[in-house]
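The two complexes that follow have chain A in common; it is paired with chain B in the first and with chain C in the second.
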Partner chain A sequence: MSSARYYFKLAWFRFREPFTDWKSTLVGHILFVFFVWFLSWMWLRFSAKNTQFTFQTILLYVGVTELLFLTFLRARSIQDGTEDFALFLARPRSWILRELFSHVGIAGGARLFYLLILVVITPFFGIPILPSLGFFARTLGLIILLAPAQALISTLFSALLLNFSQTRYFILPISKIFLSLGGVFGPVSDFGEPYRSIFLNLPGSDLFFQAAHIAIFGHPFEQSFAEWFLRILVICLGLYLCALFFYLRGRRRFEAWGG
Partner chain B sequence: MRFWRSLRLILTANRFHFMAHWSTPAHFWAGVIGMFVNNFLALFGVWAMLFAGKPELAVQCDAYLVLNLLTMLTFGLLHVFLGGLTELDKQVVDGGLDSVLVSSRNPLLMMSITQSHLPSWGDVLMGGVGLVILGVRGGFVFSFELLLMVICSFIGFACVFTLLGCVPFWFSRPERLNPVLINVVLAFNTYPALLDYPNRFRWFLVLGPVAVVGLIPTEFLSHPSLSVLALEVLGVVMVVSLTLVLFSLGLKRYQSTPMISLRRGA
Partner chain C sequence: MTTVPLAPFAIEARGLEKRFQNGVVAVKGLDLLISPGESVAFLGPNGAGKSTTIKMLCGILRPDKGSVKVKGHAAGTSLANRNLGIVFGARSQLFFHMSVEQSLLLQAETYFVPPKDQVARMNKLAVQFEAKDLLKMRVRELSLGQRMRCELIASLIHQPEIILLDEPTIGLDLQAKHHLRERLREWQKQFGTTILLTSHDISDVEVLCDRCVLVQAGEKAYDGPLSQVKGDLKDVRRVKLLLSRARSNFEAEQARVVTHFAGKMKLSDQVLGEFELQYEFNLKEVALSDVLSTIASYFGESLEDVHLAGVSLEEVIRAQMVVK
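So, the complex of A and B:
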């Protein structure tokens, strides 16, 4: 019971981080507003023909994907988890659970902050707030629903860092796989063939493209909600097993300072 | 004579940086391959979204490739050979300029050689190989134009980072704003959104020294003309002048480490 309280308190503590110095957080999050406008504008220049998305919907789409992506794999928080590993081994807590709750808290707080920014900026792009309430409610639901997947992939990287310090160089490329192939730049459904069919079957599409599609249209693209949810569960299970394997391997071979 | 002495100093410093990078080959190759894959995926992702299966956009697609390879190479060269410039803002905040100010050499030069970023070898590798292939295919004249634009773009990037490094001379706590501005500059010079855009917009970008880094060089390489070359040269001269003036003005406001300690303690 005390363990559960510890994990939830930790998640809540990390969740509040962006709101403690909100002026500084706001300055850092200007990039989000810029990318939402910039990527929507770029999409309009090159891909506006033959698509189901209008400028308003693509703006909301990029808003959701950027919201999810900018909080997806953060090198700093991934490294944080390994820095006190030697000390943590002496504590009666689970390191994996500590990492999971910590990442859920960090990403949850930041994503909520981004969502609030999105609520504020959408009227400036001609999107009325009241008819979009359903969209914002669905996005909030997706932030909660996708939190475990995001936390698990960050935990996997923390566990990998315990084993191989070089993996820190691969955080950026792995995040690019999701960025490029997951439809963060623009809807995968508008990509040219054969890339469209290939990307739609990759996990990145489930975590970003399908999530944004659900937020905007209320349902996933070319699949049922249950099917999408099952795919997310399988991704989470796979990530958890990998994280567990590398954590156990890392704990067995870990060399503390001076090792 | 002074130029060659400075060049020799840069090369000597970078020889030691490289020896440090190479001392653990696993780390070196992990960094290089990681950045190489990162760049490739970013390039491929935008291509797949905007240009794949669209032959009507072939011209823009070629320009997009040149823009990215050029930005990669010059961004990488700056981070590898003059990496200290990219950390100038942090050094100003933390009083890190103390040691370079006591030297008889130019403080900006001394600051620039204090660091070299290992993963940026991946940028240099991908951008360099890509541009060499384009140069060989394009012939002698194109290769010469390419070299000219690489030099201009490199100077442009060095000035952009120095300008951003000057911000803390006037404003405190720039640590959240500077990464945002760097990302904005990179976005304009890697995504194809502004390629072939009306001239008036480009003039605006020259004034806010963004386009000299990649957009105008790409325009020159796609459609070589004296007017575009003049625009790039003028842009580079402007941004270099602005950088030197702001840095020397800012240096007068610099607070050394003991002063920073006193201020923080108060």
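So, the complex of A and C:
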């Protein structure tokens, strides 16, 4: 009970951390509006003939994928977890759980902030608020539901960083690949079979494309909600086992040079 | 039926050995037994194995050989770590963007302080360490001295039975150092806390510690009371003279003093000012009154000032390390 309270308090603590400086947080997040508009405009400009979606639907789709992506694998928070690794080992708490709940808090705070921005800007793009309430409610639910998966990916990278310092160079490329395969190629699916099925079955698709599809349409694309949820659970389990393996390996080999 | 106390030692390390992957053996068969309430300085030159040993005591590193127990629990376990308060002077355990208060309350939660006690403990410590006004400030807004006071509160908020201090006063000005040492000493007396200190600032050691363990090349070079670490050097005295500029036969007279004591007093080889002299002698061989009267008779009115001092702890430790 005491442990659960500590980890939830930690997540809440990390959730609030960015909001201690509202001005910086706002400036740091405001580019989101530009990305959402620009990517929606690009999509329509170059794929208008191949899509049946309206600008408003695309804007919401881009909005939710950007919301998920911009808070995905943040190099700074991943490195934070390894910088005080030595100090944390002297504490009576689990490092891997600390990382997990920290990432839940950090990403949760940023995602809610982006959602708030999305709520504020959508009327300016001709999207009425009231009919979109279902979309926003589903997005909020997905933020909570996907928080552990998102946090586990970051935790895995933190654990990898303990073992291989070069991991930091791969954080950005891997996050791009995740987005490309899951958030872009999945829904575009202009490649035909078998590529479309492959893209749709990649973990990136479950975490980005399907999440966006659920937010907009209320159900996953070509699968049931239960099936999608099961896939998320399997991804979480796999990520946890990998993170645990690399944490234990890193712990065993940790040398803590210097004073 | 007799009852055996569960943990007679606050820290019990036996036969500790640590070999790094590059082949360096940082600690070689080190034994360290510290009783509850002791204040121990753990000293040695850079690379002697101090930090490696401390890291094994708090579970950051695992020894290749030997065992470490903290209050009877294997080092690095949750039960052992709950008894530890740690201050690494060069590293912060506070959250830079949050207020000191928020950081401290999270720290209290980290160390299983019951929620009903957290605020009371924080406030009590804040008063004790004169940090009440800092609680609402963000950590990033604090000066180094203020931050170190808050770091100490963070380390003590769970009233640990053992405090490990690694360079706790590094980078602080004289007043801040003095303040921190005094508060720590008070705390130690109040709660009977065990202290293990590593520091390159010998004043930290003199104020806080009663026992001294010297390590060199991963092995113990000395383990005993701080008062006895000086050994034979404790009776060595240095008398420093400042002479007036008018003195003409300066060199001849300084040699005459040495001759007077038939080699039992020698001129110091320290670099001094132009009109300064320093003699070194041992109280076991020469009476202090004899030294002072002889100096007065030889130098007379040209003597402007006299300063008498023993050998500093820092010099003794340096000498110990060289001999070893």
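The rule is short, and it goes like this: the second predicted complex is superposed on the first by the 243 of 259 C-alpha atoms of A that agree within 3 Å, B and C clash if a C-alpha of one lies under 4 Å from a C-alpha of the other, contacts with A are read in each partner's own complex, and residues count from 1 in each chain.
The definition used in the following text is that a residue touches a chain if its C-beta (ideal position, glycine included) is under 8 Å from a C-beta of that chain, and two chains touch if they have at least 3 such contacts.
Every value quoted in this text rests on a predicted model; they were computed, and no experiment measured them.
Contacts of A:L10 after superposition: chain C is touched, whereas chain B is not reached.
After overlaying the two complexes on the shared chain, residue contacts for A:A90 are found with chain C alone; chain B is out of touch. Contacts of A:G192 after superposition on the shared chain: chain B is touched, whereas chain C is not. Residue contacts after overlaying the shared chain place A:T20 against chain C, while chain B stays out of touching range. When the two complexes are overlaid, the chain among chain B and chain C that reaches more residues of chain A is B. In the superposition on chain A, A:F254 makes contact with chain C only, while chain B stays out of contact range.
In the superposed model, A:L181 lies in contact with chain B only, and not with chain C.
Within the complex, the chain A residues that touch chain C are 2, 5-6, 9-10, 13, 16-18, 20-21, 84, 86-87, 89-93, 252-259. Those residues of chain B lying in contact with chain A across their complex are 26-27, 30-31, 33-35, 37-38, 41-42, 44-46, 48-54, 57, 60, 119, 173, 176-177, 179-180, 183-184, 187, 191-193. Taken in their complex, chain C has these residues touching chain A: 20-21, 46, 50-51, 55, 58-62, 76, 78-79, 81-82, 84, 86, 88, 90-91, 93, 95, 97-99, 102, 106, 109-112, 115, 138, 166-167.
Those residues of chain A that touch chain B in the shared complex are 24-25, 27-28, 30-31, 34-35, 38-39, 41-43, 45-47, 165-167, 169-170, 172-173, 176-177, 179-181, 185-186, 190-193, 195, 199.
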